[in-house]
């Protein structure tokens, strides 16, 4: 496995963009199934293929109040971090059952994908889409 | 929270594109579950990160008749609006159980994401994708 | 409604790209629920915002045999057509329970979105994504 | 059918990009329904429209360990291959119930779409999105 790891590290480099937008956001307050895997959650999957840690900031927008943030997240070099919006707590937790949107900025290029698990009803539903890259694309 | 709000407002600016297309559209007439959260709906999530209000117009296309619109929507500065196609009523409500598509134009750059909740059967299904940016990309 | 129709027709024009790819394709043979709305189906939603009819051709790729096609589809000016792959029959129907992919070409720019309704199990599942634009983007 | 095959082969050529990223990845360990169609799986659908075989390599990233790979996959000329991450075994199987992300490189342009079937609960859920093209776009 050392061989494989070395080889993959050599061919990689920073990929993606430095600013991303996710216009859809909603954390349902109800869940069905075992926690935490089946807790309703809204996730931003961040991938940093580069050799430097990514310092990322989330800003969250609402329909009826000023945006809040930044929520800081670090994605180490050559790692992926799947951020649950449910877990963002500083400066304030994101309100449940409320429409929101988010902008994600990084000091180095990253790739962002958006996923939601909705388990309000008995069976879970999933959605996913690549976030919208704004700038800094490689 | 004042600190956070100020900081996020400073770093933002207009993002996205001024024309977007969503080729998929369909509002089922049947629903299962508590209203309005579980009513079947087709949603366009609009994010305006800029300092000026966005004046947005929807045009809706069909398979067997001329397009209708524009349906006007305002997205205030630094706000997100999640527009349910079910709620568009002027000039005319969008017919149910009918294939449609839409073009979304804005006088300032916005980001658009498309989501559907389908609750015709007992458990809900979700789909989502970033809309297709046509022009005015930043 | 005449007013609205006229106005939307004036502001529109051809939008999108002339070649699109959908790498995912699979038509399950089983369905649950009332037909045809709940029949498992794989759909390519085509939007033609321009003033000229779009002459579209689908080519379908497989894992173990040569591609087949072209399947011709016409999308009239200022119309959307939601094509079910299940309904493509000439030159040959697309086999069920078989992985496939497709390339969609048009003589004028169109926008393409891919959706699947999977009703093999009791509750339906949906997926959707904008197809990948290859060339001719406006 | 010979006629159709010939014609589609003539109009095609290499399409897509040579590097793609999928920031979302997760293989649930539990499944409901008949195997293998209903086994929970994470899939990368690869389409090679060109006349030369595509030599593809997957590199898989994690949150808490070095990336592993490359996992080699060949997509023959004018073919699609729907790769289940569950089936990647060399150098090592991808761990279940673990967040991951992937980068997909090819020596010729291909198109990549990401799909997951989640059958942990009684009814299956689907998600899909076009992967993020990094470079080599045509």
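Note that the chains are named A, B, C and D in the order they appear, and that numbering of residues resets to 1 at the start of each chain.
Please note the rule applied: a residue touches a chain if its C-beta (ideal position, glycine included) is under 8 Å from a C-beta of that chain, and two chains touch if they have at least 3 such contacts.
Small disclaimer: the values here were computed from a predicted structure and weren't measured.
A.B. asks: Under the over-half criterion for shared residue numbers, do copies chain A and chain B use the same patch or different patches to meet?
C.D. replies: different
A.B. asks: Hey, which chain ends up farthest from chain A, C-alpha centres compared?
C.D. replies: C
A.B. asks: Find the geometric centre of each of chain B and chain D from their Cα atoms only, then give the gap between the two centres in Å, rounded to an integer.
C.D. replies: 30
A.B. asks: Provide the C-alpha centroid distance between chain C and chain D, rounded to the nearest whole angstrom.
C.D. replies: Chain centres of chain C and chain D, defined by C-alpha means, are spaced 21 Å apart.
A.B. asks: Considering chain C alone, which of its residues make contact with at least two other chains?
C.D. replies: Counting only residues that touch two or more other chains, chain C contributes 122-123, 125-130.
A.B. asks: Which residues of chain D touch chain C in their complex?
C.D. replies: Residue positions touching the partner: 1, 3-5, 7-9, 11-12, 15-16, 33, 37-38, 43, 45-47, 49, 78-82, 111-113, 115, 119, 122-130, 133, 138.
A.B. asks: What part of chain D is in contact with chain A in the complex they form?
C.D. replies: Its residues touching chain A are 19, 21-26, 28, 59, 61-64, 66-70, 91-92, 97, 99-101, 103, 105, 114, 116, 118, 120-123, 125-132, 134-135.
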